[in-house]
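Common to both upcoming complexes is chain A, partnered first by chain B, then by chain C.
Here is the complex of A and B:
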């Protein structure tokens, strides 16, 4: 019998972008079939907003001043829920090993999961914002504010995806992720709250520029660190 | 046509499609003085292990002997603390991507997504492995594992045996030279185990190098060409099928663990 060749047939170099798009396709396909992740994030977000709405029985002006804080607290808690679930799906049936066995740079796995997680978070935010606007009688559809939400979500998801990949390998993953994530993401959340508050208050660009620059810097730092560290974190 | 005949036909077709290899004396797997520590606990204490191309090695040992740890290192999922690992001429962990392109791994977990169909799972992995014309390959694999009629069904609706067959198909998508099986019979009933036997025989007959860990000595005895016993973090004994003619595998296994 003819022995087989060493180089596998019909295989080109599993390219970086193809691997990323495959992971994103897989995550979206599975999620839009089960709605397991988005529905839990959404229900949680709406409950948090409702609880804050009843807890803070304030006048309209005071409500506006707490909007940025309430919004980002909601996004952060719901985001943690989504990040945990997204990685748990990979771990529970051994699929994370399946991904790690692919002959692609492992940072492609990170970027694939990061883009999927960011998409889920943005979908939830897109639904939460109009509900919040109605409940709190505040116009949140300002281009500047939307940009801040995007920048903040990028930073939060970037570091969250890395830490979720780390915490999912432990038995206490549900508890460990927020313990690891909140102290690290605190800087992003703080900058996001400041910038969001600035836009809602109608502050001048000079005041808002600093937290926005800070957000951009954190996004770049978190993505770079995660890109470099992911391989070491997922390997035993 | 029964599934065995379908498997044989596909086997012949796949072999016809293979190119003859360049003559080589290179060993497919070479492991030298492999040590793996988890904190203060040393699981592997200097394992030396070699596998020739086309060999089917059954790696046997009691629970906690380090079989899974050893296989995870070969699969580049875990880094060795000390020692050398060479697969298909590539060194781990530095050339892990090249090694992974030549490896197919099947474990007791399916490594499949329950909310995707059988076809979607294979398409996803085919894209991850950069396989050209993957639609054809996916169909070929689904036929091979006998799941062609269930291609659009979600994997979470599959029985354990069907999931394991699909898992083997997933591992063979990129036509790997080396296949690693970690306790593949775990949780399978008699029929599913018999089906897995057929698939493993097909894999071996294709000339692939196979390393399989198992607790099931009878099944290992039927399939493997060599038997290595891992005990206390080292290979305690090794024998080929020919060498075992005078004694049965169970006696050899017990002697190795006692010795």
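Here is the complex of A and C:
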């Protein structure tokens, strides 16, 4: 008996990662055929930066103090766009029901969507960063800053994926996601802006350590909460 | 007919008396603060409302967990009641703080970490009600609400501790000192008793409103079910 219980579990853990990678693979493949999501996120980000340019008059002096804020506002706006779309696709064509029917753990669906959303966000960031660096003549390619961007994006998409799964099932849909997401993700964005600003100013590690710890803590909290709560979101 | 339970009626009267007494103590009994003068009296109600609102928010996070485990709609109704009452109390906290800040800081509002996190907390629970409004199915509404309130509940304690983590001008009157605070003061024994009385009064008022709100929600539910019966 005991042996029988152990064997399916081992298979389960194997099929869990398999299920996750299958979902990620599906999302990436669909995306790289159409480039629907990445292109809209990318164009949108560039437009946001353009708007900030005129709204804040980004001359050399202001640029130094607001770069971190502008970057994160851009990533956050573009992120909601991507999160919304990625979930709406699933919902509209009944793909979500299909996924739910699959004999895999529900949390595998969450992790799959989370990883693909994170990938899209990182791709967009990887293009926006050099463009911003060239346009405003600031070097954004510092290992510390890149780490902060990675940590911030993880936290943001972790909770964003959960909330997007929620908002697509409501009457107000796309409108609701930013309203739900921004206040909750505020702490992540705040810590990310503080840490990024710290790296850009070249301040000491003692000052940056706290927001980075906060970021890591939030990443863990958001991933674990979403992991536990996702079942309740897609349950029918 | 469901008449109001007698305990609730007593609690109603008690809360009114406590509110009036607390106001009397804060205005006439507590000594005037030397530097800020009379405006400091707002502090008793500011902390009183903040206390119940923040406890309420954390409490709702616990209710979320209970609902998600039991899936009993009773807990959802309790949660809605708790969040609604806490939301109103927290709004009062912010408004009272603003009234105090005008003379003390010379501004109604400043983007201080403590104030910002307070505003964000308020927005989270407004978003909670917008989320609920967008869902028709009661079970799904309850599930989504519970998950969102749980996430929101993780942010309320941060509001309380933000003051100790970031540099802020918001005073820490209880347990701690903040050298950069503007408008800080230390409490005399008379002030302390007024303060604890306000805490007690608002706790009772909160429980009273909370209970009334749960009752309202239950009655509403019943009316809904009776309506369904009639149409069927």
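The definition used in the following text is that the second predicted complex is superposed on the first by the 219 of 236 C-alpha atoms of A that agree within 3 Å, B and C clash if a C-alpha of one lies under 4 Å from a C-alpha of the other, contacts with A are read in each partner's own complex, and residues count from 1 in each chain.
Following the convention adopted for this analysis, contacts are C-beta pairs under 8 Å (C-beta built on N, C-alpha and C of every residue); 3 or more make two chains touch, one makes a residue touch a chain.
Quick caveat: nothing in here was measured; it's all calculated off a predicted structure.
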Check the residue A:235 against both partner chains and state whether it touches chain B (first), chain C (second), both, or neither.
both
Which superposed partner A:61 touches (first chain B, second chain C, both, neither)
neither
Tell me the contact category for A:221 with respect to chain B and chain C: first, second, both or neither.
second
Answer with first, second, both or neither: which of chain B and chain C does A:210 touch in the superposed model?
second
Which superposed partner A:102 touches (first chain B, second chain C, both, neither):
first
More residues of chain A in touch with chain C or with chain B?
B
Looking at A:169 after the superposition, I want to know if it touches chain B, chain C, both of them or none. Which is it: first, second, both, neither?
second
Output check: A:180 vs chain B and chain C. Expected answer is one of first, second, both, neither. What do you get?
second
Which parts of chain A are touched by chain B and by chain C alike?
235
For a test of understanding, state which residues of chain B touch chain A in their complex under the given definition.
15, 17-22, 24, 53-54, 72, 75-79, 88-89, 93, 97-98, 100-103, 105, 107, 109-116, 120, 124-125, 127-133, 137, 154, 170, 174-177, 205-208
Touch list for chain A against partner chain C, complex:
159, 162-163, 166-167, 169-173, 176, 179-180, 182-184, 186-187, 210, 221, 225, 229, 232-233, 235
Okay, in this complex, where on chain A does chain B touch?
1-15, 18-19, 21-23, 25-26, 29-31, 33-34, 36, 89, 93-95, 97-105, 235-236
Mind listing the chain C positions that touch chain A in their complex?
68, 120-121, 123-124, 127, 130-131, 133-136, 140, 143-144, 146-148, 150-152, 154-155, 158, 165
